[in-house]
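Chains: A, B, C, D, E and F, in written order; residue numbering restarts at 1 for each.
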Amino acid sequence: MAGKRILYPALLLGGFSTLATVLLVAGNLVTRDAIQERQREDLLVSLRQVVPESHYSNDLLADPLQLPGPDGTPITIYRGIHDGQVTALAYPISSQGYAGEIRLILGLDATGKILGVRVLTHAETPGLGDGIEVAKSDWILDFNGLSLGDPPQEKWKVKKDGGRFDAFSGATITPRAVVKAIENGLVFYRQQKTRLLEAPLSKGLPVVRVEGALHE
Amino acid sequence: MTVKSPRSAPYTHARTSIGRTMGLVMLALLPATLFGFYQFGWPAVFLFASTLLAAVLAEALSLRLAGKPPRPFLLDGSALLTGWLLALTLPPWAPWWIGVVGSLLAIIVGKQMFGGIGQNLFNPAMVARVALLISSPLEMTLFTAPAPLFSAQAPGLVESLTITFGNPVGFDAVSSATTLGHFKTELGRGVTLDQAAAGTASLWQLIGGEAAGSLGETSALLILLGGLFLLYKRIITWHIPLAMLGTLALLASLFHLLDPDHYVGPLTHLLSGAAILGAFFIATDLVTSPVSLRGQLLFGAGCGLLVYVTRTWAGYPEGVAFAVMLMNACTPLIDHYLKPRIYGRDRKGEPLSYTEQAEKGGNA
Amino acid sequence: MDKAKKFKLFSIRGGVHPEDRKRLSAEQEIEPLPMPPLLHIPLQQHIGAPAEPLVRRGEMVKKGALLARSQGAISAPVHAPTSGRIMGIGGYPAHHASGLSVRTITLKPDGRDEWIDSLDPVAEPFNLAPEEIARRVAEAGIVGMGGATFPSAVKLNLRQRYRLHTLVINGAECEPYLTCDDRLMREQPGQVLDGVRLMARGLGVERVLFAIEDNKPAAQQVMRAAARVYPAVTVVGLPTRYPMGSEKHLVQTLTGRETPARGLTAELGIVVHNVATALAVYEALRHGRPLISRVMTVSGGAIRTPRNLRVPLGTPLSHLIDYCGGFTREPSRLISGGPMMGQPLPSTRVPVVKGSNGLLALTDEEVQGGREMPCIRCASCVQACPCGLVPLEMEAHIRAGSLDSSVRLGLLDCIACGSCAYVCPSHIPLVHCFNYAKGELAARQRAQHKQGETKRLAEARSARMEAAKQAKRAAMLKRKQAQEAKKAPPAEAAPAETTPAENAQAEANP
Amino acid sequence: MSSDYRRIVKDGIWDNNIVFAQTLALCPLLAVTGTASNGLGMGLASTAVMVASGLLISLLRNLITPQVRIPVFVLIIAVLVTLTDMFLNAWLHDLHKVLGLFIPLIVTNCAILGRAESFASRNHALPALLDGLMMGLGFTLALVILGASRELLGSGTLFANAALLLGSWARFLELVLIPDYKGFLLIILPPGGFIVLGCLLAGKRLIDRAVAARRRRALEAIDTPAGEAAR
Amino acid sequence: MISAILIITAMGIIMGGILGVAATYLAVEGNPLQAEIEGLLPGSQCGQCGYLGCAPAAAAIADGEAPVTLCPPGGKALVEQLAEKLGVSVDLSEVVEQEPRVAFVHENLCVGCTKCLKRCPTDAILGGPKQIHAVFIDACTGCEKCYEVCPTECIEMRPIEATLQTWYWPEPARAA
Amino acid sequence: MEYFLIILSSALVNNVVLVKFLGLCPLMGVSNKLDSALGMGLATTFVLTLAAFAGWLLEHFVLTPLDLGYLRILTFILVIAVVVQFTELAIRKTSPALYQVLGIFLPLITTNCAVLGVALLNSQQENSLLESLLFGFGSALGFTLVLVMFTGLRERLALANVPAAYSGAPIACVVAGLLSLAFMGFAGLTTI
């Protein structure tokens, strides 16, 4: 009697688990490739914002490079190639803003000049610190065309700290953080220049495991 | 002569009323407020007036909606006082709508949604202040250095009208961080205290009210005098102010001694920001603080602790409003667990028993 | 060397300082009130069971004659305040806020004011045994004159259950306006002291503390002078603070010890009696006179000439008012007792009773009424409460209807002193609320008791019905069996099936 | 029978609304209602899951023993939600980008399990399906109203980004009602969500009361003879 | 793939088994609450709640089917106790308490039919055939059963009159 | 220190209820009496911590090794449901009074989003075992804290004279809003 009272629920739950798993496994099989393809597209969209298509002719995702980043953790670098030469670079950078980490993606040309910067995620105060989004203001576009020598490194600061960049009124911390992040990104370029610009030897597999949140 | 619906004793009464209580608090605030007007000029007066007017109108409107008699409730002065305290915590040159929106929030969301005077769980003025800080951080963190009335740098009447009611131009030029705000941003950059202190007001300036800040932050001295007046008049008891300022000073001293480079000293903590105003006028709000004296000590200590924590480690330069609201939320718990001991009973509520403890004390 | 200077006092929590307004009547000597044309003597002037009348309509009685005897352990007899004819025994408005009527003997004075012959004065009362003192106090109809009207003899007999060591005489008179105890002490210190010592003897205690508030320096001085020759009696000056006169707080002030909740001061070995009670004991023992009159303060802003009067019990209040020159204006409140704990009176027709120590006619300014506003949680009431209660919370729970939680908050420990309501800036009738709740709880308890009784009755009845039904069924079964025994085929299931239906029938139509 | 269905409809949408009457499903409600569009998307996705789960559970109800009832129910719901997530991600990717973060939240929407327990497991398939649909629509209604209120008060727009969610045809929905409005951040942030929800709950109560009062008056008007009413 | 299916099936079986065991060995029989609630109810079996007596009423309350406000004779005091026991909150100020009433027999109308006497659940009516009946107030619960059956309508339900002992201060009005 | 920060952050700064919007229904439903609030808090703490633990086990021994991320929700919720049901049975057996008070909310702990939410966040943040446990425990602590505070506030509201339209759930929502406003003061507490 007791045995049946225990066995039945066990088998029932077991049966349903099987069924559920089978369904999900099947669903996964059906959708897996489509989902990977979508994620690739997403990544490409954000990369194209910081490296204009005119700068390369390859598949940006085709040949990523993994290097220890400015803070030691490995970062993935996507490279644009034209005529066998590395012509463009894009990699994520980050720093601590007013209310948490601000993550950006930085695009450079082979000489280290900024092609574009975009914010990927941030938690800054809406209406105060969110001017760093292109959707809210053009502030972030001012970095286009600059590099570590232009302006000189000691000028890579907000005006309040004696640098050359504007801040939003009442919110200095956010721009300060962004400037810092970009400066670090440029320093990283200077340090790793040779390795970054080494032409790829072989075509690797596309890296698709990127955070869904890469896209705003 | 017959008694229709008998009402039991007492048939005499102390000369107290809500109106008198609120009136005395306003009286206590008056010197500091007037001095603030002098320091910050016409814009401060305009902002103050709009805030109070909006508070009273909001109260009248809510009373009407609730179907309550407006006269006794308007005359009790609590709406006026709420508006007043709110105005004292705003940047003096803030635009008029800050005061008006604040008053609406305070009176409608902070007070009347709960059923009006005495029913609210959170300090209405602080509800408004925090809500404003979060919604309009820009306006709420732009402070100006004092520009005493009739002095050269003071704005004229017309200019003042634009500051409060219009679209001020070139306003940023005069903006100046509060002492706490300055320390917060500078320490946040990794600057040591010594270097950061260079740009701030001296302690004497803080006492005398020559630093940037809201009306209620300047002139620690006058606020303190007002607070002592309230103590003297027995509107408040010493428990909350002392516990709050004591805890704040204690923590500040401790950390300052441990690491003088990164932790601001106790005197700066006490004299800057809304510490004194908060301790005497805001944390002591009767409605939202505990009723037992032990409860008030705990409440005050909690406020002090939270003020210190917020100021020192959290994102905001000033923490009085948050601290008060958080402790307001704990007030029912404090009231529930910390009751006075009932006569003839022990703390657990059991009747006292003299069987074991023989003839202790007394003239027996 | 003043004894009082050395006496160490202890502080109590809470309390208030109401304006005492005793100057209105403090310098008025006690005057005897002329006999009114009719006296209405209620049979219940004390806590406990009402007295049982012994006289009939038309009967002539003499002053001091027993009109009604006490019934049960906690009760008190009633005596004739003067000689005259019994006009009737019936309902008459009580000296009570409700305005309900109470059984009352109406006596028409004959003007001769003749004492009964059987007065039994004791020449040497200090030789009486304590039991005898208590018996005589009981026979004299003496009840606590401090307001509680608890039969004094019962308190004198506490010695049988507790180890008593101190008698405290309550001369605090902390209520505003009232000056009758003050005048008694100043005018009859010898008699009062004699009564006090008799009570001490009755209680078998070795020490007497005679406590008088500091706002009555004359009384303190007079009593000290009188007590100097008795080492056992110490006159103690009390700080002036309401409710210093509450016996538990008085005892705490004097000894530093709190009376256990819901307990008696006797548990600390102390019994408290009022000054006027002492005087009544003196009268009863030295002169054999029962309690038939008392001293009252008639005062208040609406009384033309406030006075202290010795009033025969049963005198209609209107008579007192007329004697004091009537009202200067329509009073806003007419009160029996002090303004802090007194009762509102339904009319001036009601009679003076043993517990009346004051009649106040107050004006609007004195009452200081105000519009009731919501509680602002100012905690004034918490700080004022001498019992460590949180009046605002008890009030809120009562208004929300949860009386049980107000009891958990200490409602039953409230002594109804009125300090909380006195200080409340929102003019909330806190004490009224507590009184209502206490009454409602008592009513619920009565209902619960009744419910228990009726539940028992209902169970007994259903048991009876069940038994009857069983009997009937058994009888029916027997009959059926008898029938079936006659018939041949027995059907087992049939009777079992029919019974429920029959039961239902029996239920519906027993 | 049809009156039963009418009851189900009325209960789901208004009388026993998941949010306004039962105060359930508050987490997804508050989390996604920064804008009306988000609310709409979440509401539709939840409705789909509610309908499917109601139907399935009602069909399987006789199989399931009480001991494992809840685990089986959540299993079913989890499968439905995960499948929805996968399919949206693969084939309606733009929609998924907007709703993606919220979809796992559907699993823990306690109203779904609540309905499964209290309705689907005790009723036939058709009523269960209808109940799921109506409760879902009621939830959607609540989400859209709350989202719209917060969006309007907080940023002065209505149905911003609706095109992202529904396709470009929905662009006409996107309104900027208060141009140059600086925004009232409080409303968008968590505290504002709670406060606006509180006001909406109070509003529903006022409406109900007004309706009841009108019905009462109408009944009284019928009861009183015409002549009297005129006087 | 297969491993996933196997693992999760195994998980399901094990957990289902655990629950089966738990449900078998942690089973609770009966509801102790019901007895407690029945103890609180007046026990006069009057049926004013719409149930057949106090026991079914208690069962209904324990199952959450009946509100705690169901019993009119119990009044606010009962509501408060029940709410406390069940941990629910009720607005007591909205519970209307009926004034306690007791039966009163008009002597001039009573014909001594004994109908009321037989119906009274607490034996509160005294009398016999062809005698004038009287109500023993202390035992009358005011259930109105006698009132319903009296053929001559001689029974009146009267409020209990206050005396000095039972009078108390009226309930204060709710503040504005 | 780091572990202390995890607890502080999950309990105060990123409070599950007020900031992350998880577990709101029990907050609105249970919180009438302090005793039941404490009971609910403790039950949730138990389940939440256990779920965080079970989630970590699943993540590390099943989901990651076999690359079965898409089964995460399914397995987590299954385990949670079973744990909750087991707890329910146990409470019912051991403490009928508590069972009565928690009423329908015990089974609903299953769908208390906080439980699943915390487990999911744990795997999203790739927390270690200890971190997962602390995060779960801290979140539960935050939940209990808010539940208890909120209950205290509601006990007072029950006695207050709230306008009819607002009494009950509406004013409770407003109070939750103001409480969440107050908790915003903790913002940034752990970033510096």
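In this section, a residue touches a chain if its C-beta (ideal position, glycine included) is under 8 Å from a C-beta of that chain, and two chains touch if they have at least 3 such contacts.
Note that the coordinates shown come from a computational prediction; the quantities given were computed from them, not determined experimentally.
Steps from chain C to chain F, minimised over paths through touching chains, total 1. Pairs E-F and D-E differ in how many C-beta pairs touch across them, and the larger number is found at E-F.
Centre-to-centre, using mean CA coordinates, chain C is 64 Å away from chain D.
With centres set at the average Cα position, the gap from chain A to chain F is 33 Å.
If you average the Cα atoms of chain A and of chain D, the two centres end up 36 Å apart. As a whole-number value, the distance joining the C-alpha centres of chain B and chain E reads 52 Å. Shown for chain D are the residues that touch two or more other chains, namely 67-68, 71, 75, 78-79, 82, 86, 182, 185-186, 189, 191, 195, 198.
Residue positions of chain F touching 2 or more other chains, listed in rising order: 70-71, 74, 78, 82, 85, 158, 161, 166, 171, 174, 178, 181, 184, 187-188, 191.
With touch defined as above, residues shared between interfaces to two or more other chains in chain B number as follows: 6, 8, 109, 113, 115-116, 118-119, 131, 134, 136, 188, 315. Chains that are in contact with each other form these pairs: A-B, A-D, A-E, A-F, B-C, B-D, B-E, B-F, C-E, C-F, D-E, D-F, E-F. Chain E makes touch with chain F in their complex at residues 3-4, 7-8, 11-12, 15, 18-19, 22-23, 26-28, 31-33, 64, 86-89, 174-175.
Across the interface of their complex, chain F is touched by residues 374, 396-397, 399-400 of chain C. Here chain D touches chain E in the complex through residues 66-68, 71, going by the rule given at the top. On the chain E side of its complex with chain A, the touching residues are 1, 4-5, 8-17, 19-21, 23-24. Contacts from chain C toward chain B in the complex involve residues 7-8, 10, 13, 16, 18-19, 97-99, 165-166, 176, 248, 254-263, 267-269, 330-331, 333-335, 337, 339-348, 360, 362, 366-371, 373-380, 382-383, 385-390, 392-393, 409-410, 413, 416, 418, 421-427, 429, 431-432, 435.
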